[in-house]
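Beneath this line is the structure, given in structure tokens, with notes to follow.
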Amino acid sequence: MCRFVLYRGEPITIDTLTTRPKNSIIHQSFQSQLGEQPLNGDGFGLAWYVPDLSDSPALFRSTQPAWNDRNLQQLAEVSKSHLILAHVRAATGDTDVSQANCHPFVGGRFVFMHNGSVANYHQVRRGWMQTLRDESYDQVRGQTDSELMFALFLGELGDSNGIGPMSEAVQNVIRRAERTRTEQKIEEPNFLNLAVTNGREVVATRFASDNATPRSLFFAQGEGCECEDGEFLTKTTGTHQQEPSRAASTVIASEPLSDQPLWTEVAPGQLLTISSDDRLTNEPIRI
Amino acid sequence: MCRFVLYRGEPITIDTLTTRPKNSIIHQSFQSQLGEQPLNGDGFGLAWYVPDLSDSPALFRSTQPAWNDRNLQQLAEVSKSHLILAHVRAATGDTDVSQANCHPFVGGRFVFMHNGSVANYHQVRRGWMQTLRDESYDQVRGQTDSELMFALFLGELGDSNGIGPMSEAVQNVIRRAERTRTEQKIEEPNFLNLAVTNGREVVATRFASDNATPRSLFFAQGEGCECEDGEFLTKTTGTHQQEPSRAASTVIASEPLSDQPLWTEVAPGQLLTISSDDRLTNEPIRI
Amino acid sequence: MCRFVLYRGEPITIDTLTTRPKNSIIHQSFQSQLGEQPLNGDGFGLAWYVPDLSDSPALFRSTQPAWNDRNLQQLAEVSKSHLILAHVRAATGDTDVSQANCHPFVGGRFVFMHNGSVANYHQVRRGWMQTLRDESYDQVRGQTDSELMFALFLGELGDSNGIGPMSEAVQNVIRRAERTRTEQKIEEPNFLNLAVTNGREVVATRFASDNATPRSLFFAQGEGCECEDGEFLTKTTGTHQQEPSRAASTVIASEPLSDQPLWTEVAPGQLLTISSDDRLTNEPIRI
Amino acid sequence: MCRFVLYRGEPITIDTLTTRPKNSIIHQSFQSQLGEQPLNGDGFGLAWYVPDLSDSPALFRSTQPAWNDRNLQQLAEVSKSHLILAHVRAATGDTDVSQANCHPFVGGRFVFMHNGSVANYHQVRRGWMQTLRDESYDQVRGQTDSELMFALFLGELGDSNGIGPMSEAVQNVIRRAERTRTEQKIEEPNFLNLAVTNGREVVATRFASDNATPRSLFFAQGEGCECEDGEFLTKTTGTHQQEPSRAASTVIASEPLSDQPLWTEVAPGQLLTISSDDRLTNEPIRI
């Protein structure tokens, strides 16, 4: 069912998220603690921003399991960024294990990932495809519900940018999914943990239809972060766990990367944002 | 631009087409003689029928170049069939090198391959997708013009089968492509060398729009075939080169597998069929 | 730590072992019941004999996990054989996930697979390599202890063949491993569940050094076998479970493919053979 | 037969070498101008140094052809370095297309690549392996002559470093190859275009046995470099083409990346070095 992690803050090497923590995203590829299943071995992906060189992110995706990809390990050690997204995939439905189906998805300066599933996607897909504008239609290269939601997101966003429009566009995608589910009388819930960034700001959601329990989602904040002997640590500011606030570094992750008590669970139905001045907000998704 | 080969006749091991001839389909993957370019290194595929076990064919596709895939070599030596299709791909446009984009395409008992391109496919695709029935729509997994033409073909065919309906459906696909090209005032020609089979009968075309020269296409016939020291041979019946007729074995190939004078070039605008009693016919495509 | 299955008997399609049973070898690739760990996702391999076409077997190996390889599924449905070997790999030590490291290994007409590990292989390897004759030395293409034991086996066998020499050669390899372990004062045990065939006869072992518990190994026999609704069945002859004897079909597997009470656990330290007239014997390994 | 390129100088994005020049290393993967054959499609590799993060280089290798690997394109656009090595491979002999066989090879802080072949390597390999110290023996993971020469190089180097010892070690490797060739009465020449760096200094050779013509090798120098509209340019200092000297940026490449008259052919039998203060020297290899 996939697991993901997103980091924004003081530049860190990618292995701080992917390899070194006890419950790194690579560890989650074969032994996820809180996922629907322990195994997320159907490919992986990594995106990170290098703003000095490009507004668009670097992207590395592979159909190999994350745990046995040497390129992933080697790149993670010598690539540093202030904004990193990583994803390990468990294929759903009848989708191929192909690079085009690996998250994250990149469109221009935007990066998108998803943990969950659109209910009865098979039945939903064609109708959604038809609503896309031509340029968004052409951006859909694979078979996943996730990539199509990214195309819908980009369509909703249009030429806008910034935290408000991104937040609105993400919620519009969730509303669309819920409306379709109602119209088509689908009983299975949608599971829509989404994360998107424009290279500066971040929006993430934890959502499931009706009273279903959404996929797990956590965050941690601090004045920086590091990983020593497998323990992922943020230098905590003391107050952030009660009231999300401004911090130099924020991690949003499907499950904690470590056992330290620095992780806050995101409540179901919440939307997180990280502003360009490092402020974390937390508000209900408006459906 | 791709190259393909199709064999129907006395059972042979697959390596008789893929590995052993001097100009085998594997050789064409890196040194095609008559292709638009020598290199067809963006994946390959192999389909063959084992009627005792299944109406649907075996399918083996890979994103590796055909020349360096050891599985291909090993399978070809110990797999035997009376009906074999092989294809080496040169990706066109912006399509991925993925298994879903590798030919041949299989749907139920049918197998389809293509050498050429739909003109301005980027602009054509969405309109064609919208005309598909839901079950055909869902069969399209990749990004190629070829796979979409196969879905159109299956839609045209409906529940029919047999050489007449297959022949008609193939021509309807070509007519559709030509009509779209006219309607959208596309100047670039369509190149539509197609091959399709239901496991018994075969239809193949050599076609290009207007007076453009189609991609190359040849056939050879005999009472059987073999490959010795790199020389692919049919045991010729003497008369087949002048008037296509009944023969125990027929090869249709983008280019001759050998220098022997057993190959007949298919004239532009022609449609070949092989019947279930081994009769080869050759008629003009009716647009 | 790997899992394997070997079948010899009435010809069956490969999916009878690989895909259709509830606990098929593909199922064991992500959810092994009795393995050291549930996950065997570091590549797989398949070998099967088609004696009409070649003394050497067909071989298909891939670095993808078995559970998501479409070629494996498609080949398994339309390939039939009386002698089939399949293996799913969990990489040990620092070995690559590469085709050369995937089991089964093929040398001429022989096929070999291994479940377990040579203790401190890192320290053992060089000495063993130096004892190989040049032709065996060149056959070692990968990095695994398993492939090197196969080279040792072929060296022991020399020009001999047949169940007696194969059985002796396998035991010589085990003796060598034990002797090296003693000489080098290695405390970790060797785990040597081995399976080898020449295309007619089969030898398999369940072995661990000292009193360590070897990796699991089972067999089942019958007058044939089939798989219905996920249940793998042999048509039992009534007596085979008490006294291994002659039966038309024999399966040797790291773990049962189904819950049916047709599986007999191989005792630690035993060597199984299947003769060319279908007789199963079971004797202690002589170290 | 392979092609390679090495850059040392003002930091540039990797695509300045790999993607953007008309005759970039990716272009050479399918249409090499001066190679033994146009095609170098059996995998590729990329290494680059990020000294702020690690003494060891980043390494990215893949068995896909360079021309169709999207990861390569995406990484090259957003990775910047002052010291970059790239290689496209044409497999020789019976070696696998595997990551372990892709150049460049990395050992600690050192990176090594090779264009050419050791004559009768099959016959030479075992003897060379036996001379390796244990730690070098274990570093050899693949099957290529190139990787083994790198292990020999590291063995020659021991704990030394710097341009003198590297230069001496490279020449010792060449001497060894020549001596073995003489001793074993091999008629085929060795082709040993080698490039090695410790992250600061560079040594490269153009060599073939006897009077054979070595594989092509060129260099270009300038006060920096750039690529515009496919034209790779160095800002030339005017004098460098006559007398190799100090320049802010140096490229060493199997063939020119562009038609500009900035490329100097390295004479057969020469050894180039680039010092840590950007000085290029050119001297005869002493055999």
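Just so it is clear, A, B, C and D label the chains in written order, and each chain counts residues from 1 on its own.
Going forward, a residue touches a chain if its C-beta (ideal position, glycine included) is under 8 Å from a C-beta of that chain, and two chains touch if they have at least 3 such contacts.
Here's who's who by UniProt: A, B, C, D = Class II glutamine amidotransferase.
Since the model is a prediction, treat every value here as computed from it, not as a measurement.
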Looking only at C-beta pairs that count as contacts, which pair of chains has more of them, A-C or C-D? A-C
What is the distance, in whole Å, between the centres of chain C and chain D, each centre taken as the mean of its C-alpha atoms? 42
Multi-chain touching residues of chain A, meaning two or more other chains, are 70, 96, 99
How are the chains arranged in terms of who touches whom: line, ring, star, complete or other? complete
Interfacial residue positions of chain A with respect to chain D in the complex: 13, 50, 52-54, 56-62, 70-71, 74-75, 77-80, 99
For the complex, which residues does chain A have touching chain C? 30, 38-39, 41-42, 63-65, 67-68, 70, 91, 96-97
Within the complex, which stretch of chain C touches chain D? 96, 98-100, 122, 126, 129-130, 134, 137-138, 141, 143
